[in-house]
Amino acid sequence: MNKTRVAVLGATGMIGQRFVQMLEGHPYFEIEGLYASERSDGKRLRDVLKVRDYPYKEETLDLKIEAMDLKRISKNARVALSGIPSDLAGKTETELAEGGVAVFTNAGAHRMDRNVSILIPEVNPTHIESVRDQATFKDGGFIVTNANCSSTGIAIPLAAIRDAYGLEFVSVSTYQALSGAGYPGVPSLDAVGNVIPFINNEEEKMETEIAKMLGTYENKEFNFAKFRVLANCARVPVIDGHLESLVIKTKTAPSVDELAETLRKFRGEPQTLKLPGAPDDPIMVRSEMNRPQPALDALAGTPERAKGMSVTVGRIRKNDEYHKLFVLSHNTLRGGAGGSILNAEFAKAKGLL
Amino acid sequence: MNKTRVAVLGATGMIGQRFVQMLEGHPYFEIEGLYASERSDGKRLRDVLKVRDYPYKEETLDLKIEAMDLKRISKNARVALSGIPSDLAGKTETELAEGGVAVFTNAGAHRMDRNVSILIPEVNPTHIESVRDQATFKDGGFIVTNANCSSTGIAIPLAAIRDAYGLEFVSVSTYQALSGAGYPGVPSLDAVGNVIPFINNEEEKMETEIAKMLGTYENKEFNFAKFRVLANCARVPVIDGHLESLVIKTKTAPSVDELAETLRKFRGEPQTLKLPGAPDDPIMVRSEMNRPQPALDALAGTPERAKGMSVTVGRIRKNDEYHKLFVLSHNTLRGGAGGSILNAEFAKAKGLL
Amino acid sequence: MNKTRVAVLGATGMIGQRFVQMLEGHPYFEIEGLYASERSDGKRLRDVLKVRDYPYKEETLDLKIEAMDLKRISKNARVALSGIPSDLAGKTETELAEGGVAVFTNAGAHRMDRNVSILIPEVNPTHIESVRDQATFKDGGFIVTNANCSSTGIAIPLAAIRDAYGLEFVSVSTYQALSGAGYPGVPSLDAVGNVIPFINNEEEKMETEIAKMLGTYENKEFNFAKFRVLANCARVPVIDGHLESLVIKTKTAPSVDELAETLRKFRGEPQTLKLPGAPDDPIMVRSEMNRPQPALDALAGTPERAKGMSVTVGRIRKNDEYHKLFVLSHNTLRGGAGGSILNAEFAKAKGLL
Amino acid sequence: MNKTRVAVLGATGMIGQRFVQMLEGHPYFEIEGLYASERSDGKRLRDVLKVRDYPYKEETLDLKIEAMDLKRISKNARVALSGIPSDLAGKTETELAEGGVAVFTNAGAHRMDRNVSILIPEVNPTHIESVRDQATFKDGGFIVTNANCSSTGIAIPLAAIRDAYGLEFVSVSTYQALSGAGYPGVPSLDAVGNVIPFINNEEEKMETEIAKMLGTYENKEFNFAKFRVLANCARVPVIDGHLESLVIKTKTAPSVDELAETLRKFRGEPQTLKLPGAPDDPIMVRSEMNRPQPALDALAGTPERAKGMSVTVGRIRKNDEYHKLFVLSHNTLRGGAGGSILNAEFAKAKGLL
């Protein structure tokens, strides 16, 4: 099988470099080019390396980064994986879609667009059909977004719970990692030994994105889920891995063991389709009393290619009609680059590429 | 005025050393002795110093620590300030009360005892009357506890809100500082770059202590408040200052500005009595969009003697009938040693010493 | 006595805000204005606060910051305290001196200028006379620099050692705090859980500045000290306080106790003159086996106004003709703003203002 | 080939668990049993997991840990890999050697014993012959130690430099990771945002171990190398990876490029023998101006099995007859468990097992 040519947008940033990591040896995709701003034109990946924990191949580290050239990308690449800033992403991604490119983006610019889905294939696989309703689809171009990193982590267990028991109320507090702010991101003088209880626009995103993802797409319209989501977001001095505490109220209240079992058994289309980036267990449930922890669990996921793609749930407790639990997900893998790549793999499996 | 003689129990620990800090130059109290386990007998305070941010006087640093001798304490001290571990505190504090000593304790052992209050004088000043119903009171001995550090921080704003608007529901997630675990406490290999979503028994304490403190004491019985409290507790790599996110539902829903004003104006008996450790503002409300932060706000409080005794509230938001806010308090001052000392000052003002 | 009017340059930065801290209630100086770039014009200090550990007065926090206006400063201020970036400092400080302003600067731009001293009044008090040889001096304007933060810390004990025993060789490795890089400075993704063994141009500065400071000023020329200094500089995840390890070789080798005593007894002109910012002990020698530590010792110094102005030495060891020791100094107080202010106080005492 | 049966001593600790990591799928060795103190008897590895960054196989995590039983180990295991505390190691390891077991130990107890080598097979391969002079060797039992973690990292480049240019003087300052102190090790209240300039006995170890390793073994005696080593040791808030700054004086002074080339080309017997745990490059030399960094370089080493076994050198500079450089090594892999395993592989290749 010929591999699909993929352009990586934003290759000097954390998300861009996670794309490159996940594309090494990918069975479906090959890198067409690494792109960033003019300023980085000509640099090699090794000169701007941000990722701490992945040993890139030497030839990958030698890849050149180029200034973005939309015409050239439209001509040479079937797919664009985008990790560029949202203010830039709006126009850029639209132009690429108009140029016939399938854009899988981590940026927020198009998430609330009319026929653009926020896709997690385990959660809302049918939403991918919205691409057919995008004006550019006739020429092969379309946009699929993935959710904000803090929304992604909880969307998967919330979907599993909603399917089994119905959902009425969600209160979530986040303990978000520094890599979620990109690079240079949070100054160390603010971060070390501190917590910052504010991330610009993050709570609003969580409250609307969850509702869009757990809603339906019918008659070319997204209908948002109705249960309430209340979010408090804070940044903690952790490199990778968003931890989130949840208080939820379900329609029918399962026991702690039933809820754990439901989460543990949850599987979605990526698992059925055996997509390369799909983790065997979308949700890992840990029974230890002090897990999940970012330092120990952020990279959960098997097989090797799906490291950081499992969401880990722990400390499930019940107070009458409420459940409490902690959820951890890797914010630049499952909640970032990995999410976009899984979406691209899913699109490929659906014959859209 | 002759100063009241005070024994400090647990002088090698974080809380014990905060007691010593707050007793330097105290207008009501003077140190009778510093006590700890046999193992530390004979050491000077400077040899076992834990507090990072307070410059003790040289003569204070030279104070000797002695092995606990309950008979001697009962004879020489009118008051004991206790920062010893809960398992040890149960018996020790009972014996001291039986010996005629007024015990103000940070330990959890007696918090749920029949006639023992969990006292925050701004929140539940009438609860101090429960000491009169303790069997040892006739000889001058009694026990007053202060709340767990994570309960204290939110109890003050919750009391202000309950008084003004009624309270129906509280969901709280904590970002707790390392000093809350004492010393040696959390191993650095677990703490650095990590969050630990578990603190033994902490959530249970919060859920019951808040209810006891915000309830009533009538006919020699504590009646617990009825609104629901749901707690998720986690430890973050911060030295001092517990941050807590709150989602609350009040009976009558004020605007954000009204709620801020209510909190800002809140005063209690310690302020009326001008107790030395009482902060001018029990609750400071910050309007900056990214506060309170442990690094910047943990030591809030004026005058100088009340540093770390104000609770800081920020980011008040409203979603329909719910409010969201962040609360920060200094866990070893207001939520620890400072709380016990304020209780002792309050008892003194009430003629109980 | 009328207070001297002082302009603070760079008031949005760490050093600028330390200037403001030390000017609160200063007996010699009063703030003429706070200045920064155009971008910050009109902001209040509270909007751009960086310092974590100092409780500014409310009226200080309300001070307005203005865009720099050199003419106005020349007209209204006798002294400028400068904490602006070196690239900007070169021209700005020259113009102020030409305008008759006495400039005390933390910037590096003029440190190697012909008649400009790098002044630590305990170390090289006679160097201040170089201002008389500056062209602008006839109109009252001149420039005095203080050393780089990592040079300052060790210059004081090295001067004491050189005076007593002679110096032949110094090898220094630094453990430098994040605040030394200013704000935003080091990205948290680089800092948390890491050490960065590189600070641009820092080692070169240390090797030349020490030699200039410990040299002489005669016949309008600086003669550099001859002993060798070899520096290795690294950044560690600490907020304030530069720790430095030293290996030194003296001409006559004292015992460990003699060396400690020499350091402990060291006093300079600021102590004789009882300058307000002069610490009682320029060098504190600690005998505990695990000190000095940034978290415990950075703020060493009495009286209150001289907090952070003492340098702390510990772990003095001897291997034959070599001594090893650790030195800690507060990089934005003694090694930054406090150094400039002490220089200004010294100039005042010398009748130069 | 039948695999050699290996007992792991100290399996609840950091070093013990790194042994287990490196034994997964090892071509020469298989685990006979995991041993620790009575207290941990019956626990599974997953219950006491300390290592953050290695994904153990599920069946490995299920391995049971047992109380140490020296008779049983002597009967069932040919090799013991020891990560037990030094005070316990002295007697235990002697008994095992007497029982015919080949002990490869990370503990310090026997490092200075008469016929016991401190072995790094790239540095002093001939020292392994000392086992033949141990009394227990006739029955197959012997002891081989590896160096202290901070000694190992620099011993390899120092050996390369000594071989090429001679060595006269070494001044080393360490920036040591928290994992070097074991678990629970350094309390987080001491570690976060701090540097501790003291590690018990560490400087003495470095100064003598380097001399023993770089010396010779002749006529059943170790002759220590003569050049001077001066060490300053400090602990920094980093999880894994000891950084060390070096100032060295060689007999003939190469250029920076020559020195880099010498280090880059250095190979030892493990490379010639292609031992499984031998890194292709014992020393990696980086040319970036801000490396090596613990966060980026601690796990250097190819192939996969040798991750964390390369030492990384960077920032080589020259001041006349002195060179300055930074060295980084993984303290629990190359400087801990990996060192012992490489020694065991080397012994196997030499026919000693």
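General remarks:
Going by the order they are written in, the chains are A, B, C and D; count residues from 1 in each one.
FYI, a contact is a pair of C-beta atoms (placed from the backbone, for glycine too) under 8 Å apart; a residue touches a chain by one contact, two chains touch by 3 or more.
On a predicted model such as this, the values are computed, not experimentally measured, just so you know.
Among the remaining chains, those touching subunit C as well as subunit D are A, B.
Most remote chain with respect to subunit D, judged by CA-atom centres, is B. Each of A-B and B-D has its own count of C-beta contacts, and the greater count is at A-B. Note on chain placement: the centre of subunit A and the centre of subunit B lie 42 Å apart, centres being C-alpha means.
Centre-to-centre, using mean CA coordinates, subunit B is 47 Å away from subunit D. Among the residues of subunit A, those in touch with two or more other chains are 190, 192-193, 237-239, 295-296. Taken as a graph of touching chains, this assembly is fully connected, with contact between every pair of chains. Subunit A makes touch with subunit B in their complex at residues 171, 173, 175, 190, 193-198, 203, 207, 228, 230-232, 234, 236-239, 243, 245-247, 289-296, 314-315, 317, 319, 322, 324, 326.
Note for the complex: subunit A touches subunit C at residues 14, 50, 178-179, 183-193, 237-239. Partner subunit B is touched in their complex by these residues of subunit C: 49, 52-53, 55, 192-193, 295-296, 299, 307.
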